[in-house]
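The next block holds one structure in the form of structure tokens; read it before the comments.
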Amino acid sequence: MSSKVISSQAKLTLGPVLYNWPAEQRRDFYFKIADEAPVDVVYIGEVTCSKRTPFLTPFIPEICDRLEQAGKEVVISTLSLVMSKRERKELHEVVQDSPWMLEANDLSAIGLLEGKEHIVGPFVNVYNEDTLGYFYQNGARRIVLPCELSGKAIERLLASNKDREIEIQAFGRVPLALSARCYHARSHGLSKDGCLYVCEQDPDGMNVETLDGEPFLAVNGTQTMSYTVTNLLHELDDLAQLGATHFRLWPQDLDMVKVIQTFRERLDGSLEERAAQEILSDLVKFAPFSNGFYHGVEGNHLVEMREKI
Amino acid sequence: MELVCPAGTPASLRAALDAGADVVYVGFRDETNARNFPGLNFSPEELEEGVKKAHDMGRQVYVAINTYPQAGNLDPWYRAVDAAARIGVDAVILADVGLLDYAKRHHPSLRRHLSVQASASNPEAINFYRSAFDVQRVVLPRVLTVREIAELITEIDVETEVFAFGGMCVMAEGRCSLSSYATGKSPNMNGVCSPASHVEYEQRRGKLVSRLGEFTINSFPNEEAAGYPTLCKGRFIGHTGDPSYLFEEPTSLNVMMMLPELIQAGVKALKIEGRQRGKAYVHQVVSGYRHAIDAAMKGEPVPFMDMGNITEGTRSTAGAYEKNWR
Amino acid sequence: MHDKNAPSSVPPFTPMLFAGFMMRPVPAFSLNPVAKYVLVRMKKLYPEIFSRLAILENVNFLINPTDLHYRFYLSVKERETHIDVLGNDAERPEAQATISGPMVDLLKLMEGRVDGDALFFSRTLNIEGDTEAVLTLRNAVDSADVRLVDVLGGPVPFIKPGFTTFFSKVNSLGESLEKDFRTAQRSILFPIMRHVSEIDKELDRSEDRMRKIDKELVKIKTSLKKLQQPAGGVR
């Protein structure tokens, strides 16, 4: 285990809640984050399914105010798969009216935000320095890299854009795929139109097992997630030194304040890695950790890292 | 209505042209295209020959360079675009924003199509690609209904190409990391989904069990038709505790019966999937669709053609083109 | 894993099965020169196949026509392709990939008259071992317009003239007989199949029970692992 003490300027961000938590629960969650969590940026908004949007929308101004009063940077995340007229109309409205910065999660939003400062979200394909450069030119202030990129690729991207903001997904179940079809509804024998919001039953997603009973994936409505929980605590040090400016923690249904504190203390160098890992292990009960994407192997794997010299 | 047909080898290209393809689309033999399978695809010399043959017959060839260039290793993708331009193909099919930009700057007169891998599912996204990179055509992701396609066409000024037959992604194309989660190799980065190198078939008491990486994807009892070991078309266990096709059954897309609606909607081209399939498949599907399009364009009823033998799981679906699929 | 009870090892009831019976007295080694001749002709006529195969490093394929008493052993080694014919009673040689199916379908596949994936979907074709190598072979063979008539083109050396005719007529003969054989197959095999399916159902029920037990085990293991998982431990 690396016991090197690091101290980094890197910022922590809290990604948007990807699951269908009841609106009041989300509000209380964000209030707690505002009051207690040492996080620099908070993303908020319905990214997964537009059918859930109406429930959260009325609470957004109140939540954002509270977060801003607590000194957090607030970003509104847009929908990841935009298809219907209603979804497009809502996108146009938020682009025109939002007093807060936007995270574009589809090329539609990228197009509408051309020339305006914005953030490119993790659902937009950014695999190489040319694309990265193009999006910065287009108005991106910060770019969140896709989950499947390897450490090597991340390193090249960081090297190609020294003074720009780049955000890395560092904790939580990662979204792997989007669909027009709702698998949550399908697994309950329902259609997307008549879904009865069954996705609400699984605050961390619904586990999907193979025929051998081995846990494999997790379903969150139209989104398919990793079963494993990404944990880049060990890689944090390297990434910060290479120039990663932001680390994203995806909300899960557990004590996120504690997760954020642990990452913050680790970045500040006030907590040993081993102790930090133990805290996370105690918090995440529902699935094992993984860091395979970062190490260029199967995403579900956890690559053991030995002490670095 | 243009019929755009797949070819993984020069023999398939000839088969497609003989069967009445207006356009054949192909890829180079490397990671620059989304069917980067062993023993498949074209060398630049083979492409040159194929383009000559097609042009002699008054037909066209498109080249798919539709994976996402690797950070720090952009050269193979640049070279693929350069080669396609030099050989004189009729269009390149691209997905990556950086590569679109490269093609526009270096080969402004080379026609650019937006690959399905770019997942442009709405007018705003399509218009962005149009204004930024001057794309002439968009291959629509398989997430839209025919009605949505018709509406979309009225709001864009680029041609549309839609998938008509063959393998079907149930996820939004180009936005899926399921394969790399299980195998480390993905469509976007490596041009493969659920790659053969990670697939294993086992016979377990008369059942055919397919495994991908460390995960069991499916188990086909005796006599049941099999499918590709693509992980989104496997049997899994969700909240009910019983195995089911949680994402999608092994099935192929077939929209032949919807041809009149697609023509009505203003779709410019129909695409057949299957560069990885044999020339027998190419010949059968292309001939079938040639007849069907010719009939539909004349306003005649589309003849029923049984494609059961070549479809995955020996069944087909109109997929996302019908709303109840969702 | 090779399951001795898998149906792949039961010959399909085809005309070729009977052709195989008739050829039984012909020992495998005497077919070797024919196979080698065919390979030489193919290399000459369709070099593109072999240039596509060359990416394989030392792969041995066992091509197993399930209705014949012979197996073909095709190996790619240092960019060169070799072939041998083995009798079914010969010792099973080491192979990275096995392709099994009725001879007529294998020939159709070689000529590209049928789609390999389609044969696989319909369970006519069975593959085991290195799936990627099998795919490479399929793609390579499909890249040329192979015609057996051209390959055999004229009398085959080392073999009686009648034999060549037998080979070239094998396809049309096979196809015309296939239908009748399928009818016969149903009448002969149906009662046996019914019995087998009863047994299968019983086994399925046991398997279900096993699966449930397995699942419990995985749950227990996961929670155990969770307890033991050290910081940054290995999965």
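Just so it is clear, A, B and C label the chains in written order, and each chain counts residues from 1 on its own.
Please note the rule applied: a residue touches a chain if its C-beta (ideal position, glycine included) is under 8 Å from a C-beta of that chain, and two chains touch if they have at least 3 such contacts.
Please read these numbers as outputs of a predicted model, since none were measured by experiment.
Engineer: Specify the contact topology among the chains shown, as one of line, ring, star, complete or other.
Structural biologist: complete
Engineer: Central chain, going by Cα centroids?
Structural biologist: Centroid comparison flags B as closest.
Engineer: Would you mind checking which chain's C-alpha centre is most distant from the centre of chain C?
Structural biologist: A
Engineer: As a quick test, compute the distance in whole Å between the mean CA positions of chain A and chain B.
Structural biologist: Once rounded, the distance between the two centres reads 30 Å.
Engineer: Hey, how far is the Cα centre of chain A from the one of chain C, in Å?
Structural biologist: Computed value for the inter-centroid distance: 47 Å.
Engineer: Where does chain A touch two or more other chains at once, residue-wise?
Structural biologist: 209, 211-214
Engineer: Along chain A, where are the residues that touch chain B in the complex?
Structural biologist: 80-85, 87-88, 91, 106-112, 114, 123, 125, 127-135, 146-149, 152-154, 156-157, 160, 174, 176-183, 186-188, 191-193, 201-202, 206, 208-214, 216-217, 219, 224, 226, 292-293, 296-300
Engineer: Provide the residue numbers of chain C that touch chain B in the complex, in ascending order.
Structural biologist: On the chain C side, the touching residues are 1-3, 5-8, 48, 52-53, 55-56, 109, 112-118, 120-123, 126-128, 131-140, 142-145, 200, 203.
Engineer: Under the touch definition given earlier, write down the residues of chain B that touch chain C in their complex.
Structural biologist: 8-12, 14, 37-40, 195-197, 199-206, 208, 220-228, 250, 276-281, 284, 309-314
Engineer: Enumerate the contact residues on chain C facing chain A in the complex.
Structural biologist: By the definition above, chain C touches chain A via 211, 214-215, 217-218, 222, 225-226, 229-235.
Engineer: Residues of chain B touching chain A in their complex?
Structural biologist: For chain B paired with chain A, touching residues are 68-72, 74, 95-99, 101-102, 118-125, 127-129, 131, 143-144, 148, 151, 170-172, 174-178, 180-184, 186, 188-189, 213-219, 232, 234-240, 243-244, 246-248, 320, 323-326.
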